[in-house]
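Both of the next two complexes hold subunit A, though its partner changes from subunit B to subunit C.
Coming up: the complex of A and B.
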């Protein structure tokens, strides 16, 4: 049995009057990739935003139920949200490097989290993060150039390197390849495969084929409810729920 | 599956694949029937027709292969659609083999004498009738996606084994009665064995249909008849 890294119990999320998630119970296993699929607006992004408390910045957002990380409620008042986000990194749909150099993009996080006090320590973090994100060889001679000068796929790997740089335990990815070409996508997928040895990964994707390729577990959301969750192979070969089957076979709506 | 695909042409492609397989199944059924008729009636005139119609079955196999390749490339089918596609690929292979075995049986009619013993012929006919019925039932279970019926066919292969045993014994009896029977008796042994092999392919198809419908392989061992002891 794999260790459950993140556990959501009866999670309900409201944006004002509108309820975005209904009683979601979902376990995310450590060092495994969990894919979340479902039509737009089904709540999958809302769910992953709860894991690093990105919804905190939305005033009208109210949450009930719990999300535990290693058994500790992450919405606990005593828990510092900055340290939570150090442990839970995030990569977005559109690559969003800081308007800074490649080097600064990576060193920024460790600096504010008080990691890498000397230049040589920071150098090592930058090199190591870029290597883990399979970008080092391509950028090692141009670390002073702006992050935005890189190609889309490289920028996304830079964002992954930036997420890795603070040594998180969980990485959330919200459609990380939707703006990338197939080659860049393949590189990210290869990277996800390697990263899962170290990190717990959650990926939101609209590509079924990608969910099958990268994940071990898949959850299907619809209208804010987690309809079915199970081993990825089972979900895509023989799902239990008819709605899941209709969605993945293109019989929806 | 009550809901249809959002993409209509996908729905049509899957339907065309199923239609092709049903047509191929129907041709294979006719082929098996005709070849058994030829054996039982020692009808040498129909041999060429049966050999030619095997070509039609083979052509269907190629057509289905192409349809499946296109579906895989264009649609990357998932879940029930994936099982439907892969099952069609496998079933078409088994049907083609049944067609080949029927052709092979038809060819064996040529050297047979016209005065084969009644008992031998009736035992062969019983076996042939059962195998034909099995093929008919399994194709029915495919058309109607009837799991119980497919499983019934799977179980009934035991009877095919039993009748193979009986038919084989009557061929051996005939052979041992007179040395000059040796030549065509050998052909009759092949005919019997081919029918038993066709039965096995039908059992395969039944297993595939069960998997197609439920997404799980049949559990447990299939009951085996006497033939396997020979």
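Coming up: the complex of A and C.
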């Protein structure tokens, strides 16, 4: 039995009057990839944005219930959101490198958290992060070039490297391949497979095939409710719920 | 209607629209061309002034001063007699009236010009030196061809005798045009040939500088707070609406406000660049805040999210990422706001900058003129010489505005970073 890294209990999320999540109870295991699937607007993204409290930015967003990481409530008043996000990194749907050099993109996170005090330490972090994101060989000779000059797939790996740079425990990925071509997608998937040795990964995806390829555990969301969760193999071969069955076979969604 | 007919009709509609578009651009350009060529044709002559070559005799008897005299001695010496004697040598006269007319061909400042030559070289006592002395406004205009000499004498400011002297001087090659240094270095004057924009230029620069120092930081901080930090509620909304309204308030209202508060209540010195700068800053604030907020808004939210996701605080995400990206737009907005302030006349008239100020202000709390108000003042003057000065000053003002606008465009293009 794997250690449970993140545990959500009766999580409800409201955007103003509209309720986006209903009583979500979901355990995310350590050093494992959990895929969240479901039709658009079903609350998958809302759920992972709760894990690093990205929803704090939205004024009208209200949350009830708890999310615990290693047994500590992340919405706890004593927990600073900055230190939470240091431990929980995020990669977005559209690659969003800063319009700065590749080096600065990676070194920004460590710098603001006071990691890598000297230039050589920072250099090491940058190299290490880029290597882990399988981008080092492609960019090692042009670290001064703007991150935005890279191709879409490279940009997304740069964003993954940026997330890794602060040495998080969890990485959230919100449809990281939806803007990429199949070759770039394959590279990212390969990368996710390696990263799960070190990090707990949650990935939101619209591609059933991707969920099967990269994840060990899958959760199916529909209309803000977590319909079914279990081992990926089981969900896709022999789901308990009729709705899950219909969704993965393409009958709706 | 068949399909072909409909298609033809559609193409015609498009052609018609393009034609109207071209026509309106053409009309707009025509207006600009007429305006600019009108100003240029009237104003360009103001950059030259007419001078009369005159032999000046630095006569020891009249001056009562030695070679090598000290500066203070020279300044306190009266050069009036030397001046009069030298001017009277230019043309033979008969009687006091003719002498007066001859002397009136010259600017009232020639005595100073003669003195300043001596100040530069105090070893010329007893020598005769040929100087190029500034002519009076009437002769200047006559020489530039702006003066109707075919009017009957009683309707002219120039007498027949003066015309005779002028024609003789032209024949002798003693009249010529020089670069008009007075136009750039002197303050205002009742005599057009001695009036310059020096005071107005310095006054305007001081005003704009104060306006920049006050409005830029306040506007930028207000925009950043409103756009990035302020909670979205009724109060913020109310403030936003009012900033937009303030940008549309006629500038003269700011003048009234400044008159009441800055001059009547706080008693700041009247007619000074300090008050002008504060007034213009009030007026410019909303005009900078609006483009500044627009450029902050144009920074994609994904940049903010990217920064937040690696653990930057709100403050860090704004000042490390959003503000640098919004800076080019902010700067160009500021420059355009300042350019508007530079051309603003109405509020300055209300705070007393229409006062007749001869001196060039040494500090922002000295009474001063400003460029647009100088245009307004000169355009009301009766003398012919002020017509060209008015147009020339408009040219100077316009060239400042054009330079500032180009600077704004340049900054925006040079420093604007692309994001996907």
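Here, the second predicted complex is superposed on the first by the 252 of 253 C-alpha atoms of A that agree within 3 Å, B and C clash if a C-alpha of one lies under 4 Å from a C-alpha of the other, contacts with A are read in each partner's own complex, and residues count from 1 in each chain.
Here is the rule we go by: a residue touches a chain if its C-beta (ideal position, glycine included) is under 8 Å from a C-beta of that chain, and two chains touch if they have at least 3 such contacts.
None of the values given here were measured: they were computed from a predicted structure.
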item: Combined model on subunit A: subunit C and subunit B, fit or clash; value: fit
item: Vertex subunit A, arms to subunit B and subunit C (CA centres, degrees, nearest 10); value: 140
item: Partner chain in contact with A:238 - subunit B first, subunit C second, else both or neither; value: first
item: Partner chain in contact with A:71 - subunit B first, subunit C second, else both or neither; value: neither
item: Contacts of A:182 with subunit B and subunit C, given as first, second, both or neither; value: neither
item: Partner chain in contact with A:208 - subunit B first, subunit C second, else both or neither; value: first
item: First, second, both or neither for A:165, with subunit B first and subunit C second; value: second
item: Broader residue contact with subunit A after superposition on the shared chain, subunit B or subunit C; value: C
item: Touching partner for A:251 - first (subunit B), second (subunit C), both, neither; value: first
item: Which superposed partner A:52 touches (first subunit B, second subunit C, both, neither); value: second
item: Partner chain(s) touched by A:95 [first = subunit B, second = subunit C, both, neither]; value: second
item: Touching partner for A:114 - first (subunit B), second (subunit C), both, neither; value: neither
item: Minimal inter-chain CA distance - subunit C and subunit B, angstrom; value: 34
item: Footprint overlap on subunit A, comparing subunit B with subunit C; value: none
item: Residues of subunit A that touch subunit B when the two form their complex; value: 208-209, 236-239, 244-246, 248-253
item: Touch list for subunit A against partner subunit C, complex; value: 52, 54, 57, 59, 82-83, 85-86, 89-90, 92, 94-99, 108-109, 112-113, 146, 148, 155, 159, 162-163, 165-166
item: Subunit A-touching residues of subunit B, taken from the complex the two chains share; value: 1, 3-7, 10, 75-83, 214-216
item: In the complex, subunit C residues that touch subunit A; value: 231-232, 300, 302-313, 316, 320-321, 325, 417-420
